[in-house]
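What follows is a set of structures for review.
After this come two complexes, each holding chain A, first together with chain B and then together with chain C.
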Partner chain A sequence: MNTFAQAYQWVNLRYLLEGLWITVEVSVISIIFSFLIGAVFGLLRYMKIKYLSLIVGFIVDIIRNLPLLLIIFFTYFGLPNILGVRFNTLWATIIAMTVFESAMLAEIIRSGILAVDRGQMEAARSNGLTYWQAMYHVILPQAIKKMIPPIVSQFISLVKDTSLATIIVLPELMYHAQVIYGQNTNFMIPMFLALAVLYFIVCYALSLLSRFLDRKLSEA
Partner chain B sequence: MRLKKKNWLLIPMLLVLGLTVLAGCGQKSVASEDVLARDKANKTVVWGVKSDTRLFGLMDIKTNQIQGFDIDIAKELSHRIYGKDVKIDLVPVTSNTRLPLLKNGNVDALIATMTITPERQKQVDFSDVYFDAGQAILVKKGSPIKSVKDLKAGTKVIGVQGSNSVDNVKKAAPDTRVLQLADYAQAFTALKSGQGDALTTDNGILYGMSSDDPNYVVVGGTFTNEPYGIAVNKGQKPFLKAINKNLKAMRQDGTYHKIEQKWFGKIQGFHQGR
Partner chain C sequence: MFEIFQNYGSQLWSGFGYTLLSSLYALIGSLVIGTLFALFEISPMKPLRVIGKIYVEIFRNIPLLVIAMIFYIVVPQYFAKIDGFTAGTIGLTIYTSAFIAETVRAGIESVDVGQMEAARSNGMTYIQAMRFIILPQAIKIVVPPLGNQFINLVKNSSVLAFLAGFDLMYQGNIIASTTFKTTDTYFAVGLLYLIITLPMSYLMRYLEKKWSTEGDEA
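And then the complex of A and B:
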């Protein structure tokens, strides 16, 4: 019991929370960017524009089928070599996460739109709406409701996947825990417990948000 | 439909072409610029350091700063080369990430408990030795074992699996029995509980254990020679020269000794065999 009290002394907890802050920072920035890029890519692929949709689809398919860790290595180790720019671990991770999650979200968004019955578009168009009007007023509102659960679970795995960046020594939650129990191996189990609780809080908050949005949209 | 199939072939070809062009542009990567001149202009120097090694580079949880012998040497060198107002960036590296980070130019130099080996010298340039590392033994205070030569038949030495330290100690003391354990923490616990008469690995790690628990001391100095050097990229001769020149000056004017004393002065057995 004494080890637990020692492990959870304030300096250690504060250090863990500093790590949590980096995890949240990386997650939030990646979520915002990847949602925007994913939406654009998903729509582009859905719309079947000559060449463009094909290229987008090709890129999305490639990225979706690569391990995230490989993309992180590429942005951290590879880009300085190719482009001559140095990223710190924070931005290397954010860029890698954004690239990977954009591709995942593009597919979720595209399949959400595809899941809306074709008849809806035809009916809207035959009532005199333009393509974009039909998309905005008829298709997307229905599609978004279908997309929210898979999008949120994608965001949840994004938060958890930030821990992969410990390999490039990003000072996020997982790494800070490793530093603490690296200095006293007795703290290993207490730190694992703390990690479980902290990741759970962040991810559960996200799933509550999903439920809230779901209810909000059903009312509308 | 036929057009589409052709496109599918075209796109990957374009992609490969694009990447090749990008790679071509990158011939002049950050790693191949003159580091000394660039850092002088930017007033920033980036060091790759360890953040998990006691006494050499260890993250202090209270202050969120990395501290240790390597760090102090790096700071002193930076001030001497670039002036007092230089911004010193410390990037934590691991044994697996340090070489790629240096080669890609993420860091300007590595001061990360890195042994100078011929294999590594093919890839990077090393400075003069800044720490005489080597394998040593740790024993309980007052133990009859005073050096590796005292590890005779009937003694048992504890080593860590997967490192060459076990082979080294078998060569230096062929009659002793070796107990191999999974990691340093387990090895030290085993020594404390009397499962062996001595523990062997790099002296730097042993000093860290000794500073943790002063009832255990490093004896007999090193019996292998694995000196630590500062690594820089090939083709960075001006930077390497500046490092060596200032390292020498630090040794001469006593600054090196002061830093050494700060980290290792209190550790018993540190001056033995030096």
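And then the complex of A and C:
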């Protein structure tokens, strides 16, 4: 028990919480970017614009089917060779997460819109609404209800996946835990326990939020 | 990129083999464990339901990397010696089983009980009803999400790179750091992942579409 008390002394806890802060920061920025880009890509693919939608769809499918870890490596080690600029670990992670997650979200958003009955659009159009009016007032409000659970579980994956950025030495939660048990191997079990608890709290809070939104929207 | 394949082809394909092997083991393992916990979750006994629920919620909300690292670092230190490949595959199995439990539970709950009763009262035996009525429907519900889980497994198996698991990502990193041709190497590695995941994902989308429209007509 003494090991636990030592492992959880304030210096270590503060260091873990600093890591958690980076995890949250990376997650929030990536969530915002990837939601916006994912929405645009999802809509573009749904709208069936000649060539453009095909190209967007192809890119989305390729990125979705690659491991995120590979995309992180590529952004950090490979991309500087092509672009000639080197990102720091924070931005490399944010860029990699955004690229991967916006592809995942684009697919969720597209299938959410597809799940709305086609008759809805036809009915709205024949009642005199323009395409965008119908989209905004009729289709999207219904689609969003179907999209919220998968979107939030995608965000949960995103938070969990930030742990992969330890490999490019982003100072987030997982990395900070490794630093602590690297100094004293007795701290291994307490650190993994702390990791499990901290990640669980963040992710479970998100899944409660998803359930809350789901209930709220089905009442409306 | 072709140069990488020419010079390091055997290394890449060996990584490809380990990735595929780890994903297959983990798929089978997580199917068994996931189904077990799905049955727990819908069991009439409350303690079992609670156990099932706790298991699923815990492992869905903890990163795969944390689970895999526990088996790679903590388990060898205190319990038994296991190598990176085994540790990673066990981690993948446990992580994925929580997702499969949810899929299977939803699948079971969506098959109507009346189907079996109707088949039996039309004179079919239990086996006949299972074979001709229940299973064909259950497979259509369960196969597309399970296929998607397999795609996720192949992608997630890249955490083996953290654990010296000899998988595709691990071999790719070694090649990248010895040749300094990082861009080419990662393109080659990506191509090999896509060979498995891209056809799988188009097949699953096709099946999902085909089977869901069949349902509409009926």
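We adopt the following convention: the second predicted complex is superposed on the first by the 219 of 220 C-alpha atoms of A that agree within 3 Å, B and C clash if a C-alpha of one lies under 4 Å from a C-alpha of the other, contacts with A are read in each partner's own complex, and residues count from 1 in each chain.
Heads up, the rule we're going with is that a contact is a pair of C-beta atoms (placed from the backbone, for glycine too) under 8 Å apart; a residue touches a chain by one contact, two chains touch by 3 or more.
Treat the numbers as computed from the prediction; the structure is a model and nothing was measured.
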Open item on the list: Taking the superposition on A as described, I'd like to know which of chain B and chain C A:Cys203 touches: first, second, both or neither.
Closed with: second
- [ ] Applying the touch criterion given at the start, work out whether A:Leu54 contacts chain B, chain C, both or neither, answering first, second, both or neither.
- [x] first
TODO: Would you sort A:Ser163 into first (chain B), second (chain C), both or neither based on which partner it touches?
DONE: second
Task: chain B versus chain C as contact partner of A:Ile82, first or second or both or neither - done: both
- [ ] Classify the contacts of A:Asn12 with the two partner chains as first (chain B alone), second (chain C alone), both, or neither.
- [x] first
Task: Touched partner set for A:Val40, first chain B, second chain C, both or neither - done: neither
Open item on the list: Which partner chains sit in contact with A:Pro67 here, chain B, chain C, both or neither? Use first/second/both/neither.
Closed with: second
TODO: Please work out whether A:Gln183 is in contact with chain B alone, chain C alone, both, or neither, and reply first, second, both or neither.
DONE: first
Open item on the list: Does any part of chain A touch chain B in one structure and chain C in the other, and if so which residues?
Closed with: 77-78, 81-82, 167, 185
TODO: Over in the complex, which chain A residues touch chain B? Could you list them?
DONE: 11-12, 15, 18, 51, 54-55, 58, 76-78, 80-86, 88-89, 167-169, 171, 179-180, 182-183, 185
- [ ] Under the touch definition given earlier, write down the residues of chain A that touch chain C in their complex.
- [x] 61-62, 64-70, 73-74, 77-79, 81-82, 156, 160-161, 163-164, 166-167, 174, 185, 188-189, 192, 195-196, 199-200, 203-204, 207
Open item on the list: Considering only the defined contacts, which chain B positions touch chain A in the complex?
Closed with: 4, 7-8, 11-12, 15, 19, 22-23, 25-26, 28-31, 51-52, 58-59, 61-62, 64, 91-94, 97, 100-101, 104-106, 185
Open item on the list: For the complex, give me every residue of chain C touching chain A.
Closed with: 57-58, 60-66, 69-70, 73-74, 77-78, 151, 154-159, 161-162, 169, 172-173, 176, 182-183, 186-187, 189-190, 193-194, 197-198, 201-202
